Structure formats: C-alpha cells, structure tokens
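In the two complexes that follow, subunit A is the common piece, with subunit B as its partner first and subunit C second.
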Partner chain A sequence: MPIRFEKRQHVGRLRQLAAIGIALATSLLITAILVYAAGADVTAAFASLYQGAIGDKTALINTLIVTTPILLTSEAAVLAFRGNIWNIGLEGQLYAGAMFAYWIYASTNGIPAGFYPLIIILGGFIGGGILGFIPGILKSKFQVDVIISTVMLNYVIAYFLDFLLGSSWRVPGSFYYQTALIDEKADLPLLINNPPLHMGFLVALIMAGAVYIILKWSRFGYKIRAIGENPRASLFKGINAARTITIALILSGGVAGLAGAIELFGLRHRLRSDLSPGFGWTGMMIAMLAGRDPIIAIPAALFFGALENGSLKMQITTGVPTSLVDVLQALVVFLILGSQVIANYRLRRVAYEH
Partner chain B sequence: MNINAFLQTAILINILASTLRISTPLLLASMGELVTERSGVWNMGCEGTVLMGAFTSFLVTNKTGSLIMGTLAAIVAGGLMGLIMVTLATTLKLDQTVIGMTLNLFASGLTVFWYTIAFKVGGAQSYPSIATAEVVKIPFLSKIPFIGEVFFSQKLLTYFAFLLVPAIWYLLYRTWLGLEIRSLGEYPRAVDMRGLHVNRLQYFSVLFGGMLVGLAGSFLTLGSSDLFIPNMSAGRGWLAIVIIIAGNWQPYRILLVTLIFAFLDALQLQIQGVGVQFPYQFLLALPYIFAILVMMSSRARSNAPGWLSTPYNRED
Partner chain C sequence: MTLIKQENHQEGFPEPGLANLTNPGNESYEIIKTINLTKRFPLVLALDHINFDLRKGEIHALLGENGAGKTTLSECLYGYYQPDEGEIYYKGKKVILSSPRSAISLGIGMVHQHFVLIRSHSVLENILLGTRHKGFRIDVSKAKSKFEILCKDYGLDINPDSLISQLSVGQQQWVEILRSIYEGIEVLILDEPTAVLTPQETNDLFQVLGRMKNKGLSIIFITHKLKEVNQIADRITILRKGKHIVTLNNNEISEKKLAYMMVGREFSIAPPKNEFQSREPPIVELSDICAFNDQKVLALNHISLGLRPNEILGIAGVSGNGQKELFEVLIGIRGKKTGSIGVKGKKVLKSSPSIIMSLGVGSVPEDRFQEGLIPNFTISENLILGFQDSPAYRIGLFFLNYQAIDNYAKQCISDFEIVANSPQQQIQTLSGGNIQRVILARELSQNPDCLIANQPTRGLDVGAVEYIHKRLLELRDQGAAILLISEDLDEILALSDRIAVMYRGEILKNFAPGEQTIEEIGLMMAGIRPDV
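Moving on, here comes the complex of A and B:
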C-alpha cells in the first residue's frame, strides 16, 4: 500500500510546539557539526555561547542592548510584511534614521540637554520615514516593485553616507571615515547605571506595543491586514491600496530609522558606515520567524539577541567565529517555518487510487 | 594618427571591453534566474547564490589550484542553493519571498564563517589569494583592430555568457522542455492536466537556474578579483532580478538591458580612473539609481509568468 501525505483537519497546539522543538534541535545539531568542522570543542562553544548570552547580570543587560535594534527592525518588518509589503530596505532606513538624527544634533548646537532624547527619537523616525516614503511613491505612482526599490535604495544611502563621512561630516584630522564623538549630554538617558542600559530597549518594547495596537485596533491596521490577506477583496471594500502601502512604508521606515538613531546615540556615539552589521536583515528574519506577529517578535528578537551577544564570548573563548550565529539564525527560520508546514500533514497508508 | 586620437580609441576600447566583462556575471545570473522564474518560482535568494558561487569557487581554487575545480564547485553550490529553495517553495509551499531572503542571509553568514575557519584569517597575516583566469584571445579574430580587442580578448566565461543567451532562448522557445517550463510558470494546472510532473519540472528548472547563478558568482573571484571579500556580490544578484523585470522576461531584451547596465558601470569606472573631480560615491551609486529609473519606465510586464511566486496546489 502506498504512503501518502494528507492534510490534517485540525492541528493541536502541542503538535505545533513539538514541531518547533524538533526544528530548534535540528538547527542546533547542524550548528554543532559546523562548530566541529571549525575544529573547536562543541560543548565548550555552546557553554560559552550560553554564558555570554545570559550567564550573569552583565551578560543579560548586554543581551538587552543587542536586542534593541533588532527588535525595532523586526517591528518595522512586521508592520509592512503584514500587508505583504516587502520592505527590505530596513537596513537603508536604519542608516537614514541615524543620519537624520545626527544631522539635527549637529545643527542644533547649544539647546538644553533635555531636548536631545526628543531629537534622537523624532529625527530617527523622520529620517527612516523619508527613505520609506520614496519606495511608497515609486510603488503608488510608478508601479515600481517595493522589493527592488528598497534594495536599490539600501546601496544608494550607503554611498551617500560614505560621501558625507568622507567630506563635511568627517572629524578633522582623522584617518577614518567617521564623525566626531557625540557630545555626552546628547547620549541617550540610561535606565540602569551599572551595568549601563540605555532607554532604547524600553522604546523598542513600546514600539512593539504600538505596532500591535496599530495592526489590531486601528482602521489603518485593518487596511494593511486586508491588503495582505486578500488584495482583491480589499479593492472591493474601497481601500485605497496605494495610499495604505505608502503610509505603511513611511511608518515601517520610521521604526527602522529609530533603530539607527538609538544605536548611534545610545551605544556607538560616533557615526560610521559600520553602524549596523545587518540589523535590518536580522529584523526581517525575526519577523518571519514570529509569523509577522508583533508580540511574538519580542521573544524571537530576545532569542536572536542572546545568540548575537553570546557569540562574542564564544569567539573569544573557543575561537569559533561569530558568523556561526548568522548561519544558525537562518537555519532556525528555515526549519521552524518548514516544521509548521510538516506539522499540518500526516503520513497515511492509503489504498490504491483509480 | 595623432596621439590624442590614439588615446581616445584606447579609452573607448577599454570601456567597451569592460562592458562585456561586467556583463558576464549579470548575464549568467539573469539567464539562470530567468529559467527559474519561467517555471513559476521567484528565487529571491539570487544574491546569496551569487555569493555562494563566488566563495566556493575561490575556496576550491585556492586549495586545489585548479580553476576548473573552482568553477565546478560554484555550479554545485548554486545547485544546492536552488535545491534548498525549491524544496521549501515547491514541496513545502512556503512563501517564496521569505525563503529567498533567508537564503541570502544564510549565504552571507555561511561564507564569512567558512572563510574564517578555512583560512584562519584575522591578525596581521596577508589575505589568501588565487591566480585568476587568463584572457583567451580567439585566434585570428582577436587580431582585428578595435573589434578584436573589444570582443575577442575576453575570459572564457565571458564568451560562454554571451553564447548562453541564444542557448537559453532556444531552450525556452524551441524545445518541448522549454514549452513545458513556460507553461508551468504561466498556468501549472494545464501542465498537471497534461499528465506532466509539475514538481519534477520545477525542481529541474530551479536547480538548473541555481547552477547558472552560482556560475555567475565564480566570475567575481576566478574571473576578476584574486581575493574573496565578504558580501562581494554587492547587489549583483538583485540587479539580475531588476534586469529580468526590465527585460520583460525575454532573453534578448535581458541581454540589451544587461549591456546598458554594464556600460554605465564601465563608464563610471573609467571616470573614476581618470580622476575627474567628482565625488566617486555618486558614480558608485549610479547603477542602483539607474535601476530604479529603469523600473519606473518599464511598466509593461506583459511577459511576466502568470503564476510567478505562487505555489501550485492540485486541490485548490
């Protein structure tokens, strides 16, 4: 008798969780093989990864700091992806946010220190929003595919930043393409002093809540979901798709821009072209992993943040390069998404057809 | 002939020869991606596949000293990337955009990781390098003034890339297999009803396409740079996708668009080399800005496969 895949009528929560567990275990197994291939002690590597991620208070706080930009970019991704608006220009929008906030900071010398958090947050949001607006207009007026325009703008903004860092923004006398250190009074306020945790994580959590509320309760959120779930029906309901997509891209870009501004004023204190090692891309993976759910994105971002943070210690103690974590993250996304499909099916012996 | 005219001819030859060289990876990648897309799968992992091809060919050539082995490695790696894509897209019917982008990140992480452990880089030692492929001058033809220097003094893969365009056109429009692939992307139900294997055909197309995209990556290392640099694909995979849309999914139009892109890139390289007083970053950004402009003006998508990036379900 042949064996056949058959769709289940009902998929239990337990089965879904078990599938996630198996997917995670498989990705860890593949990662372990890679560590072994790198010639390192597998248990020592995982132990140091764990220690570096959540081993003590300092490690935990650092995990929160590392999580901040990727939680923000993942919320930015969730906001757009929910409407099947593939904004993959988060990386560029992140830089645009940091650049705009820096520009305002640099051109408003001597304002009271209390204004700076506002400048950082508004500047970051507006900067990212502007870069989100461009693909929005390109889509609504010229039918340019959002994926293409956002990817291309990533490169354009990177060269623009490089130009600014090489000319007017460059710190005088420096060999490097970088700005001067940002004045201490403009640093993002701290939530905890020792070890220091800037307020960015709190902002990221608030944004997660905001994205949840927008998507679930607002008219605009309803329109985004309608476009994502059934573009044809949304047309009949009289939803102005072009307008909704443009606004979604502005908001999504704005949230990504926040990530850049917060990273700059909270952690780096100096704008360079390596501000983001790919936070935009990591955020997208988190959003997909979380099934485009703004609340599930929080633990998913914490998981990815813990891996990123722990990988530093792993590299120092065992010599396994941090890029291992990038591979692990991609594997987790593949396997978890795949496992959710497989959990929907079952193998059954069936009689011959015909 | 005075010296000025001589210099101008030399510059022109240089720009045109560079145009063909720059076209090579773009043509290979867009032809591979075209076959993939024609079968109904939109492989957004194109960028990552180019990168994997660049890295694996560099790694294998560095370790074995053989360009042929390196080229084969890129083809195999591209095929494997295609295999991941098609398994998740066709068998599991996951969202193709999501898998494609994750594939890019996977490639970006894996190449850096592998590069670090294979060469133990870091610290002050010099970067590993390879001997790149030699220029192959076609006998007699390369002796023709001007034309010979532009067209017949290129690397082997460049000739292959340009011959590939009519070959892919022939495959898609003059063979049964090509007809089946195109029908599959257009309306899979028809292919299914004819009793053909939808999945098998899609697996073939995506694997074949992935191999060509991987081969495109090999040109970045074996054909141009003797070093591997993380994320050295630098958007070429994405450009291939833009080129296909701008070329309206037709091989010869894709060739034309590729040549325009490559010419622009060759031009900016030449301007940079001459040292014109102009911020070089704007020149570097030019192809990407041009890509957006191309997309703004090419709204006709009459030849886009009807079921592009939509999984086929027999039960639906």
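Moving on, here comes the complex of A and C:
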C-alpha cells in the first residue's frame, strides 16, 4: 500500500495550533540532544535558560529590553511583507536610523533635555525612512528589484558607518572605531528605575498597534494588502502600486530605524559598527513565524527575546554556549513554518490496481 | 443539422465475443460501470452515490450545470480523484484507479478543456511525448506511419511535422484526441470539448467522434450545451448538485424538459432584446488602435469601434484573436502602439485604469480570481476594490469606514441576490456565480456610463448566466454602452444590438444581428472574410 500526500481543502484552527505545539516540542527535543551531545546537563541547561529569561523581575525586565529592537524590526518586516514587498534591508535601515538620530543629537548641542526623546524617535524614523525610500523610488521609477536594492544598501550603510567612525565621528584619541559616549541627558527616559527599563519597549508596543491599525483600518493598509494578495487585480482596479510600495518601504524602513535609534540611546549609548547583532534578520524570522500578523509578532518577539536573554545565564551556569539559542531559534522557525505547510496536507493510503 | 444518426448500440460494437464473456446475456456491454460512487470535498458532496454506466461504442453525454459533478465524475474515472465510497467496474472487473497512469494503461483517456501540448514542438513529437516506449531509441518513421494511418482512419488532415503553434485551436484538439487514441484507448472522456471551437469546427469534431464511435470507441462527452447533446449523444445522463437525476436515450424528451431537469426549475432561454438601433454619439470611441500582446506580436491591428449608449456591442470570435488585448487597452493597463481612445467626446491622452474608471467606465475581467477580485479578502473589501479612496467609504483622510462599507455590502448582497452569510465572508468561499455577482455589483453600483465585459458568464451555471444577462440588459436600457466580449456565440447573438467579429486582431465585420447567418459568422470567426 503506497502512501501519498494530498492537499487538504480546509485546515482547522485546532490542527494548526497542534502543529505549532509539535514543532515547538520537536525544536526543544533536538536542542536537548545537542546540549546532551555537548556533554552538559540538559535539565540544568534548560532550567538556567528559563531562570535567565523570566526567572525573576530583573530577568523579565532584561527580556523586555532584548525584545525591543527585534519587536520593532519584526513590525517593520510585517508592514512590508504583507504587501509581498521583500524588504531585506532592515539591518541597514536600523543603522541608518541610529546614525541619523546620532547626527541630529551631535549637531544640536545645548537644546533642552526634553527634546531628546523626540530627536531620537523622529531621527530614527526619518533615517530609516530615507533608506527605505531609495529602494522604493528605484522600484517605482526603474523597476529595480526590491530584494536586490535593499540587501545591497545594507552594505552601503555599513561601510558608510565605518567611514564615519574612522573619521569625523571617531572619539578623539580612541583606539576603537566608535563615537564618544552619549550625554546622559540624551538617554532614553526610563519607565522603571530599578531595574532600569527604558521607554523603548513601550514605543515598540505602540508601533505594533500602529502597524495593526494601518494594515487593518487604513486606506493605505488596504492597498498594501491588496497588492500583496493579488497584484494583478489591484492593477486592473487602478491601485497605484508604485506609490503604495514606496510609502510601505518608507514606513517599514522608518520602524526599523526606530529600532536602531532606541537601541543606541536606550542601551548602548555609544555608536559602533556592532550596534546590531542581526536584529533586522531576526525581525524577518519573527515576522514570518508570526504569519505576517503584527499582533502575533508580539509574543513571537518576546519568545525570541526571552531565549536570547536566558542564554547568557545558561552559558554562565552550565557552560553551554549562547549560540545554541541561535540554533534553537532557527529550529523553531524552520519547524513551525514547515509544520504549517505539512498541516495543509494529509497522508492517504492508495492502492494499486491490476 | 444532425450529423450523427441515432444508432443501435450493437451496430458499433466490434467485439461481441468479449461482451458475452464478461457480461453474458446483456446485449449492450457496459465497458464502465460505477456503483454508488461518492466523492466528498470539504463542505461539498461532489458526487452522491452515482450509478453511471457507459456502453461499448456509444457517445454518452454528461449534462449538468457547473458544479453538478460532471468533471468530478470523469476525474474519478480517469484516476485523478479517488472516490470516497463506491466501486468502479471496467469491462466487468472491479478496478481501483489510483492515478491517470493506471487509467490510461487500462485504456481510458481524457482530453481536458485546456490543452497540454508543447507549442514549439511538432505534432508527432507531442504525440510521442505522451506515450511510453520500450528501449532508448524512438522509431520515428514507424510512429509517423502509425500516426498517418490513424489520421486517415478518421479522415483528419494533420501534418505530423507541423508545429503545434501553427495549428488552429480545432486542430490542436484533434492532436489531443489522437494522442489518446495513439495509446490504444477504448474509452475517451472529453471535457467540454466545444468550448473553444467555432460552429464549423464543432461540426467537424462531431463527425470525427461519430467515426470513432463506429470503430467501437466509447465516448463520454461532458457539456452544458443542450443543442450539442441532441446533436451527438446516444444517451444522456443528467447530474445536478452531485446527484444522478436521470439517464435516458437521446430524443426521448424535449430540449426544454432537459433544461428543466438540468437546472431543477424553469428558466427563460432567450432574454428580451432591444429593438432600436442607437444613433447617439458613442460614449467610448476607439480609433485605429494597434497594440502588441505579451509576446510583442501585433495583437490589435487597426481596430476602430464606437460604444454607443443604449447598445450592447458583442465581440464574437474564437479566443486568442486579440479580445484580451482589446479589453486591456480599453481599461488602460495595456499600452497602444497607435490610435486613440476617446471618452464622451474627449481624447484620453494618458490612459491608466484609474483615469478610465474615473471617466465612468466599469469593467468585468475575463479571469475572476486573478483579475477581478482578491480571493483572501472579504465580500465587503472586494466590493470597494478600486473605489477605496471614495469619500463614501472613508473616515477622515486615512481610514476606511468599515461600517459604511458593510452597509453598502449588505445592500449589494440583497440587490444582487448574492448567496452569502455575511459581508465579512471571505469571497473565495462563494460559488462562481456569486463571485461574479459581487464583481457585477461592484461595477454597477458606480452607475457606469460604459461597461466593458470580457467573458462575463464563462463557467457559470445557467441560473447565474441568466441573472447576469438580465443585469446587462437592464444596464443597457438605463442608457449605458456595453462592450460584451464572449467566445459563446449564442450569448453574443442573444444579447447584442450590434456584432463585430474579431479574427487575428482585426474586426472583420461590424453588423446588426440578423444581417448575417450563423454560418457566415462562423466562417468569419475562422478568418474567412465576408464578400463585400
């Protein structure tokens, strides 16, 4: 009796959830095997991972801080991806946001401290938005593929930052390629003082809500979704795809830029070329994991943030390297997306005749 | 004209011995028989305990509306679907058809509505592609002579060396059929074979099918056209909503009764027509339009047309003769090489869909799912597609007023008799007829001065077709100009106040119905210019 795959016409909600559950369990199992193979105590490793992620108030707050940039980049990804606009340049847009905000900060010395949050948020958004605008205009005027232009701009901005850090932005006399420490009065305001939580997480949550409202309720969101779901019908009914794609890339880049500015002024306080360890890429993974849904992206980002944060404690207490968490994250994305495909099919036994 | 005379089933039956072996005592040997064949799709019972039989050497018409289960039944017999319940007997033996391959090896072949031929290959290469060979080398000359004998047997004139792209649609269909016969099949399933043919080509096909029948081939002929059934079938099986309604001999009952059994209710075949000819200046005027198709070949060749108020202009023609390009130029998504479009006396200098729409021109595209709507959107969302910027559906500058949109959708659902649970229902869960009603509702709600409709009833059931025809006529009577592009000549004849025949990107003739006979129109559709 051979077996063959058959597509299901309808997939129930419960079946989808079950598929996600199985995928999560499988990812954990594979990770456990890897931990075991590395010679560490599996239970202790997972316990410390849990402790480090949400074990106490400090761990929890740190998880929120780690989540902030990846929640923002994932919302940026959701906004573009819903229109099938494959903005792969989130990483570059994040840096552009940080750089633009830093540039305004550096060139507006002596303004009242109350203006800084505005500078950080607007500067970050505008900087990222400019870098999103470039592929947008290239696409709408010259039909340049968005994937190519956004990914190439990542390099442009990275080398431009290196150039600035090596010349005018470099702290005088420093051995390192880095700017001077940012003035304390320009730090992002805190929501909670002890342990400190800057307002970035709140901004990220607001942006998640904003992306949700834009996609669901606005005319612009309607057009993005229409183009993403059926570009041909959108063309037939006169929706201006060039303009919609350009605006979507500006907004997506802007939100990614916010991540950079917030990370710089909230946590790092010094611009270096290692500001982001790949927040843009993680954001894309989260967006895909969340099925391009801006609200589901919140728990997905928190999950990734918790893993990231907990991995430090895991490394300290059990010696399992933090990079194992990267493996776990990748497994989760791979297996959950895979499970969603598999849930669409069923196995069926078929008989041969003769 | 009846080409195929009613024949006794035994006459075309060459192997009486076999029949007696497998089914002794029964004169009409059943080559295929299904017992309680049932196929379920989620939410739909596609086939409900169907008992169907095909006799050796008969042409058996499967008649029914879209969604009646005709195609599902034949796909089960062709091994493409596996039934959930019931049995299939082939030559008296129970078989399980797990794939088309197993059906073909038993001798069951199928020709689908859309041909699967490689256009840049020759006829012979296409024939050989489908067959299985032993060994590495293909004996081309042997294959060629076998093919030529086949052609001769059926009175077909096809050069095995010509490329598929050089053949007419009718000839391509013959190649498809010959490919099945070349494999040595005994049962041929034809899915709506006449949908793409001119009246003459249809007659030719029927003659060939008659010859095949006489040679002992058994044919299942799927259609929803009553006229063809009367012309060619020996027996008729009517399906309705997955149920077997009746099987009867041809000419046993009237066409009207057949229609009644097929639809399950009375319906008027011919809608009322407009009597007067419009003399008013055209709302939309095309002059001397030339345009390329996607392959950069000239698809519109100096087209000039005027769409006048109170008039339906029907474009007749076999598909692929520039109708698609004409539609796309008109609604502004295809650039033109020469010529101009005028709307209400003003020349449209820069043509784009939004500009054309703003001038009061609505459109119903050919492909509902790809071009007409967004399958994952709700009914409400689809009803404002293209009109999302209208102040009526807005709150402030940026936001959509979903309450107003839902109210509008509810109005459309009741005005256009759309069968739906709520405006929030995803449109892809609706039936084809209801989907087309949504598109029509969207366009007509804007009170267009002109409507461009490309194949507006293709693939719809009789009830939906009737409704759409009624709406188009109402729109015309309200003073709109309508361009109706259709491959269905009957539809063109029934609705049009003027008819233009399109062939290879040209309008061969523009005339009032009644000025030309159906035969003359058919000849024009095949590219033969009328004598002036």
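Here, the second predicted complex is superposed on the first by the 346 of 354 C-alpha atoms of A that agree within 3 Å, B and C clash if a C-alpha of one lies under 4 Å from a C-alpha of the other, contacts with A are read in each partner's own complex, and residues count from 1 in each chain.
Here, contacts are C-beta pairs under 8 Å (C-beta built on N, C-alpha and C of every residue); 3 or more make two chains touch, one makes a residue touch a chain.
The structure presented is a predicted model; accordingly, all values stated were derived computationally and were not measured.
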{"item": "Which superposed partner A:Leu324 touches (first subunit B, second subunit C, both, neither)", "value": "first"}
{"item": "Subunit B or subunit C, by number of subunit A residues touched", "value": "B"}
{"item": "Which superposed partner A:Asp274 touches (first subunit B, second subunit C, both, neither)", "value": "neither"}
{"item": "Contacts of A:Asn240 with subunit B and subunit C, given as first, second, both or neither", "value": "second"}
{"item": "Partner chain(s) touched by A:Glu184 [first = subunit B, second = subunit C, both, neither]", "value": "neither"}
{"item": "Which of subunit B and subunit C A:Val151 touches, first, second, both or neither", "value": "first"}
{"item": "Which of subunit B and subunit C A:Tyr159 touches, first, second, both or neither", "value": "first"}
{"item": "List of subunit B residues in touch with subunit A within their complex", "value": "44, 84, 88, 92-94, 97-99, 101-106, 108-110, 112-113, 116-117, 234-235, 238, 241-242, 245, 279, 281-282, 284-285, 288-289, 291-292, 295-296, 299"}
{"item": "Interface residues, subunit C side, partner subunit A - complex", "value": "41-43, 82, 95-98, 102, 106, 331-333, 352-357, 363, 365, 370-377, 381, 384-386, 388-389, 394, 398-400, 402"}
{"item": "Subunit A residues within the subunit C interface of the complex", "value": "8-10, 217-220, 222-223, 225-226, 229-230, 232-240, 348, 350-354"}
{"item": "In the complex with subunit B, residue positions of subunit A that touch it", "value": "34, 37-39, 86, 88, 138, 142-145, 147-149, 151-153, 155-156, 159-160, 162-163, 166-167, 278, 281-282, 284-285, 288, 321, 323-327, 329-331, 333-334, 337-338, 341-342"}
